[in-house]
Each structure stands twice: as C-alpha cells, then as structure tokens.
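Labels run A, B and C following the written order; every chain starts at residue 1.
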Amino acid sequence: MDIQRIISLAFTGFFVIILFFIIIRSLILMSKDMSAPQEERENILKLTVLEIGENRNLRKGATMSISEETTFGRKNDNTVVLTDPYASGYHFRIFPHEGRYVIEDNKSTNGTLLNGDRLEMKTYLKKDDMIRVGNLKLKVKVS
Amino acid sequence: MKDAKIRMLIPIFLLTFAMFFNIAVFQPVFDIGALIMAAVMCVLIAYAHFVVNKFFSSGDKFLVTFMSVLPVIGIAVLYRLNPDIAIKQVLWFIIGMSVYIALVIILPDLKRFAKLKYLYLAGTVVFMAMATFIGETRFGAKNWVDLGFISFQPSEFGKIFFVFYLASSLKNFSTLKSLLEPGIIVLVSIGFMVLQRDLGSAMIFSFIAIAMIFAATSKVKYLLASFGVGALGALMSYVLFPHIRRRVMIWLKPWEYAANESYQIVQGLYAMASGGLFGQGLGNGSPEYIPVRESDYIFAVIVEELGMIFSFGILIIYFLLFYRNIRSALKARSTFTSLLAVGFSVMIAMQVIVIIGGVLNMIPLTGITLPLISYGGTSMLTVFFSLGIIQKISEEA
Amino acid sequence: MREEVRKNALNKNIKIISGVILLLFVGIMGYMLYFQATMAEEIAAKPGNVRSAVERNRVLRGTIYDRNGTVLSYSERQENDSQKRIYQGGAAFAQTLGYVTKGTVTSLESYMDKTLVTDEYEINITRDNFFEVFRDPGSIINRTKLGNNVVTTLDGELQRKAYELLGDELGASGSVVALNPKTGEILAMVNKPSYDPNRLEEIYAELNEKGYDEGVFVNRASRGTYAPGSTFKIITLLAALEEIEGVEERIFEDDGFLEVNAGNGIPNVNDNRYGNISLKKAFEVSSNVVFGGLAIELGGDKMEEVAERFGFNEGLDVTGVNFVSGSYTAYGRSDDGLLALTGIGQGDVEGNPLQMAMVTAAIANDGMLMEPRLVNSVLKYDGTTKDRYEPVLYNTVADVDTAQTVKAYMKNNVDASKNDNMKVISSIRGGGKTGTAQDRFQTTSGEYIDVENSWFTGYAPFEDPEIAIAVIVLDGGSGSGKAAAIAGELMKWYTENR
C-alpha cells in the first residue's frame, strides 16, 4: 500500500459514504412522507348539493368532499361531470391553495355565480358560500 | 418538510466538491478550474432545489436531488477523462436544468396538451425519419444530423414526441380498432430505428410502447402479442442482418473475438474487473483502453475507478429516480398525464438497464447513453425535458 | 365515473410495470455482485488485460545478483518507456533465473516477481518545500519507481564452470546442483542444453518445438524425474545401519545376481561377482545384489520412511525454486522384485539432482538437512538490505554417529577407487557415490530410447564440508565417468578458490 493509493481510497470511501447517505436520507424522507399525508386530509372542503338543476347524476342533499383539485364541467374527463347543457365543457374548478380552497371560473360561456355575483377572478371559499351554475346550487359546509 | 429537502443540498455539495477536489489534488499543479466547475454546478443545483421547493411545493421533492447527483458524478468523471468535454457537458447541464426549471415554472396544466395528437404524430414521424434522409453515420448507426453549428440525434427528440403521441392517442382507448393508428406509428418508428441501425433506440422505443399500451389497455393479450411481435422482429433481424448476428456472437463469446469485434466489450470487462470494491481511485485507472469511454461506456470507467460499491449506489439512485417518476404516474389526475409519466419513466429506466446490461455483457451491447451521466447534449436535453414534464405531472396530486 | 375505473385499472397496470422494472434492476444489481464475487479476479488476471502490464511497467524491475554482488539479470528503460530485461548471466542461468516477457514470468523471476516490481516510496517534507505542499499536495510523495533487488545464493563462477563442463548433446548434457550443506544455500543449479534468454523472442518458436526431454525451458535440476540409480544406495545404507543389528560386521554373499520371487532378479553391473564382502565394500563397489537384498530385508515401509526424511514424497517448498521432490513407492515383500529395485534407485524411485544433493548435504552435515534456498536477501533500490533469508533446519535425517558412518563410507568410495575422477575427489578429501541409472529418454519426435544416465553425488572436504553436489549426465554411461569428472573438477575448484 502506498500513499497515493491510500489517499485515493480515502476519497472514494468518502464518495461512497455521501452517496449512500443521500440514498438512505431520501428513503427515510420518502417513508415519512407516506406515513404522514393525513395532514392534508384534515383540510377537506365539503359542499352540499342544494339543487341539482339539470344534472341527473347528482343527488339533492348529497355532500361532496373535496381534498384536491376538482373540476366541474360537461366534458367526461372532469372530476364532477355536469349534464346541464347550461354548463360549459370545463366550467369551473376548485383547488387547494395554502391551506384553503379556491374557486376559479374557466372562462365558461354562462359564467359561475358565487353568492349571487358573477365570479370574475379566483376567490377563496369560506363557510356558507353559495356556488351556482345554471340551476345547480352548491353550498360550502366546511372550508 | 421544506428544510429537510434543502438539507439534502449539503451532501450534494459535499460530493461535488469532494470529487473535483480529488481530481484537482493529483494534477501536477493544483487545478483551480475543477473547483470552479464544482461551484458553478452547485449554484445551479441549489437554484433548482430552491425553485421546486419554494414555489412548486406540491410537486415531487426528490426528483431534483437525483437529477443533480447523477450529472455531478458524470461531469466529475468526464473531467477526469477530458476536461474539454466536461466543460461542454456542464454547458448542456446548464441548458438542461434551465429547460427543466422553465417547464416547471411556465407550463400550465398539462391536460390542455392532450388534444394535440396530430401535432405529436407529425413530430414523431418527422424526427424519426429525419436521420434516414439527411443524417450521417457515426459509430455504425445513421442517426446523427449535422447542421454545421450543431449536431444532434433526432431520434432523441423523436422519443419525446413519441411518448406524447402515444399518451394522447391511448388515453381514450376503447376498442382494438383504436389501436390501429398508434400501432402503425410504433412500427414505423421502430422501423426507422432499425433502418438507421440504431438497435438500442429501437429497443427503447419498443419498451416504451409496450409499457404504455399495456398500461392503457390492461389487456394481457396485447402485451403477449407485442412481445410476440417483438420476438419475431428480433428473430427476423437476426436472420436478415449480419451486423445483428455479429452482436449476438460477440455477446456470447466475447473472449474469442477479443482482438477485434468484441474488443470494446472485453476492455470494458477488464476495466470493471480491475476495479474491485472501492475502485482504483479517480485518475488511477487505465480508461484509455476503453473505446467510447465518454458516452456509452462511461459506466465501465466508473466501476474501474470508483469501485463496485459506488456503482451499486448509482444504480440504486437510478431506481429511486424511476420510483419517483412512476409515483407521479400513479398520482396523476388524468389518463393522458399518467400515460405521459409512464412513458418517460420507462424510457429513462430502460435506457439505464439496457446500457448497463450491455456493458456488463449480460445482454448484447447496444449504443445508447447512460441518462444524465454519459456525455451527450441531445440525451441530456431529452432526459431533463422528460423530468420537467414528470415534475409538472407530480404537482397534480 | 368511468374515468375513475379507468384510472384504477391504469394504476394497477402501472404497478405491474414497476414490478417488472424493479425485477430488471434487481437482476442487474445481482449480476454486478455476481461479477465482482466470482468473475472479476479471473478476468482481471487474463493476459489480455493491459492494466497489470501498465502497472508493472511503472516500476523498473529490480536486479538479480549472485551471492557476491555480480549482476545476473537487470532491466533497462527503453525509449518508448517500456522495459527490456538483460540477462547478463546468459544461458548458464537460464532455467534457474527464468525470464520475463509480456505475458509470462518464469522460475525465480516468477517466484520473486512481487518483490522485483514493488517500489519504495519516500515522503519528504522539508522546510523549503513545505509551502509547495499546498500548491501541489502530490509532490511530497516520491515514488522511487525502482523495484527491489534480489541477491541469490548462487556462486556465479561456479555456475559458469558447471555450465562449461556439461555438453550440448545427449551423452554430455545434463544438470548440476551444488549446495552448501551447512546453510542449504544453492551454490549452483545448471542445466544443459540451454538457450540465451537475451534472444528469447527470436528463437522461441524454434525452441518450443523441442518437446519432452529435449526441451530447454524446464529446470530439470529441480524438476526432473530421473531414476537416481545407485546414488540412492546412500539411503538404503542409512536405513540398513539404523535398522539391522550388526550389519556393519555382516559378511554378504555376492554371486553377481540377486534372485527374487516376483520379477526378473537383479544382476550387478557387468555381472561382476564380488564374493564375500562387507557392507562397506559392497557400498564401495556398488553391489546391486547386496543393496537389492537389503531393501527386501528392510521392507518398503522402512525404506519409504527413511527416504521421506530427506524430502522424498514430501513436496518440500524451496525458496525461489519450483521444486519437484523425489518420490519413493513402498512395495511389500511379496513384490520383492520391485522392492529390491528401489534399493538400488531404480524401479519406481525418482529423484532429481537437487533432491540427491540434499541427501548428500544432509549426510555431510552430520545428519542435519538444511532447507535449500536460492535467495539470500532482498535489497532496496539503494542497496540497503530489506530482508534476509536465514538457514532453516528442515529435518534431522539421522543421529550424528550414523550420519558420520555413512559419510565415512562415502569417503571410502573415492579413497579406495582406482578411477582417476574419483582420485581427484579423494585428493580434496571429499566423498561421494556414483550411480549408473537405467532410464528412458523421450525425443522430440515422441519416441522413447533407453539411456544410461551417469550420476554422481558427493561432498568435500570431509572434516568440514563446504559443498555438496549432485551431477547427472544424460546417457553419460557409468557414474564414475562423466558425472564424477564434472563433480570432481567443480568441488576441487570450489574448495581451492572459496
């Protein structure tokens, strides 16, 4: 064994340690992530269906639980599909932001009403807010 | 949470500086340039981490780490091999990272892009065919296009269009008939690859197609059918093309042809066998005997100089990268984006498996690059682009 | 929500795909482990692997000296940075020292290979270059890039003399081994026919064609398998003295032919009949009848036991030499024909000059067999001693009295002889034993011819032996002829000049 080899070996050993440190650290953090998503669940938005309007796939009085981005519209790939012809393909969406939920109109043809006023820009939802599209009425129970 | 991810930067910085310091110390005159490169890379990596963690924290937080570690290792080893090439790779790293960051910041919800099927189709065909018509041959494969100031591999860009196309055309899969069009495009793409003698890429395209089709259709029948077609195609090529027979021959009996045909494989094996668990040390090995050591065969250099254990770690990182990629696919909100993520994840993962398997001579050698580590601007760009898309998709959860 | 059902199916498929890819990754990782654990060492050692050559070339290979410091083999740096080995010793030392080529290293060069290619490093930090360290940390390490040197036990002049005395063709060619009985040092180990290692590349192809017994690369002095012939009677004699009461006073009847039950029986050389003789006389005239009979009387087990004390069958490790020890096969009395043959060093007995020299050396050294060795010391590039090899006792083959009796009988052999060669040995107060062994020689074409190998093994001087020697001249005829002549001249020169 000579000095040059020893120095090289020391460097390589150091690389190995750091690399595996990164690996193990990542694994630990990943597993922590998996066992603690409950926090997000706590922050659920609940909407009550007051009127179903022309949307035959919804039930009056039902409660919708929203925990992540949810889109509403006539197209099939919306999270909540509306059958009311008054609604646009992608009408509006509700998404979480910084712990609260935001409603945004997707430039729909006939617009979305929030508490009677036409929704122009993204707005935070709060308890008892009323959302209306055509004859569909949704009320925010918990925000 | 955020803190923890930023803390991951420290080991990355340590690794970067340690590797470049190792190289610098053994030069006749202490190499300041190496440390400058290390610093530049660290700054870029820090910025990327910062952007992802601070502004787009709903996305995957681990991708940035893995896609920083791998290029660091790659550039350090390239610097040891050939400082000029290393500098070029740093440039590509900067461009690639910028593309990634740009995608993350600028791209809106990817769902919008689901409708552009025919754009993707056109892009796929154009790029896959390009090299056949205006390309030149390098290393036996006609898949390079030289535009004077820049040269690139069009099939790499083709891969991106390919994945986008398949995702958009498979997302509404219903009947067998709807598979007709994608099926044709897949065959055409692979066909061009075979025509251009780029067998490695042909394999990768096959794997991407198989994975995406299976994911979208759930029909084991189709899976078996595509394996069948693939096996048939492989067999036919074996019979028809002498250069494929050669590849298989040198794979099975590398020692017999060591002087000529299997020289590259054998030199790679010698190099890796001489590494031991901890390698010869950066700068102490003899990579000059390994052909194509800066791109396809860089893994052999890494095993020789940094040892098996370190290389094993690299493989683990690649797998973790795949895991995070595929996780985004699982959490994606729409079929289109999910398929996109599947396509790109499989693309990167299979590239790793195919080239490392080839270098180890587990499977016949094909000429593809090791993602993020091998020298190659086009490859880097493609991978960073894919990771940018996946990062965007991971925000959907 | 069809979308959800589709999503679930999709996710399930994705998980399957991930599983497959996980398997592939595990497969690769497994293969890497497998590669490292089983294949790596073998592959790295393949001659095609330039790395070991590059590493070996980095250090200038060390020099091999004879015991007096004369250079025998050394290396020179060439213009293209490769090395060239110069074999100053020439053909006389060829098989013993061996050679070095790109892919092969043989004999002593191989045995001491690691020593010869290992260099020293020095760390020097002085006040002047202290600040240099920060600018260029690598500079404090000075590799000498010169391999260590090996000092052999060989006496260069003795070796050359032995080489000159042997001839090139069958009938004059053969091997010589000379030992220092008190220390085990190998003073000379020579083979002929030989070749000039400096011309190895040119003549290799042609030399390699010679096969079998005519080849020049094998160190027959230490690896040959010859029938020792009557030189083996030394061991029979020792066994008899130990085992048989009153054997020294016994009168033997030698009518020229030994009858046996199983086999053909053994005649004396030239069918000589000696009549009634003592043991000493029987040894002096080398009576096959007496010694064949003694072997039968002693029995195969006893003979084997004694032979093994000298290293027969034992596979002894000799420093610097790939030694093939002699072999003795014990036969039962029902195979008295074969048993008798072993008593006279024929039949299944095998030995080479090194083995037989060991026998004589042990006797000469009052029964103490010192372990033979070819290396005396290892020197650093600057000449300072790094390692020294000391004499080691291998075995006590007999008690002092018995050994001295055998030693005296051997002296009597040369004193009582009328043969000129023996007289030379007698004049330097030496002792010895001749041997005329019936053996087979295989030519390059593959055919076997019967030969009579001329053997002689002896020591000198009687009071304080300095040298023990064994000579074999292939198809040289009577032992008292060519072999004795060579042995005598060498021992005379050695005792007079050293």
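By our rule, a contact is a pair of C-beta atoms (placed from the backbone, for glycine too) under 8 Å apart; a residue touches a chain by one contact, two chains touch by 3 or more.
The structure displayed is predicted, hence computed values, not measured ones.
Ranked by how close its C-alpha mean sits to the mean of all protein C-alpha atoms, the top chain is B.
The chain with its CA mean position farthest from that of chain A is C. The geometric centre of chain A is 32 Å away from that of chain B, both derived from CA atoms. Computed from the mean C-alpha positions, the centre of chain A lies at a distance of 85 Å from the centre of chain C.
Taking each chain's centre as the mean of its C-alpha atoms, chain B lies 59 Å from chain C. Counting partners per residue, chain A has 4, 77 as the residues that reach two or more other chains. Touching of two or more other chains is recorded for residues 25-26, 316, 334-335 of chain B.
Shown for chain C are the residues that touch two or more other chains, namely 3, 138. By the touch rule above, chain C contacts chain B in their complex via residues 3, 6-7, 9-18, 21-22, 24-25, 27-29, 31-33, 35-36, 39-44, 46, 48-51, 54, 134-138. Per the touch definition, chain A reaches chain B in the complex via residues 4-5, 7-9, 11-16, 18-23, 25-27, 29-30, 68-69, 77, 79. Those residues of chain B lying in contact with chain A across their complex are 4-5, 8, 11-12, 14-15, 18-19, 21-22, 25-26, 62, 65-66, 69, 111, 278-284, 306-307, 309-310, 313-314, 316-317, 320, 333-335, 396-397.
On the chain B side of its complex with chain C, the touching residues are 25-30, 211, 214-216, 218, 255, 258, 266, 269-277, 285-286, 289, 308, 311-312, 315-316, 318-319, 322-323, 326, 329-330, 334-335, 338-339, 342, 346, 349-350, 353, 356-357, 360, 362.
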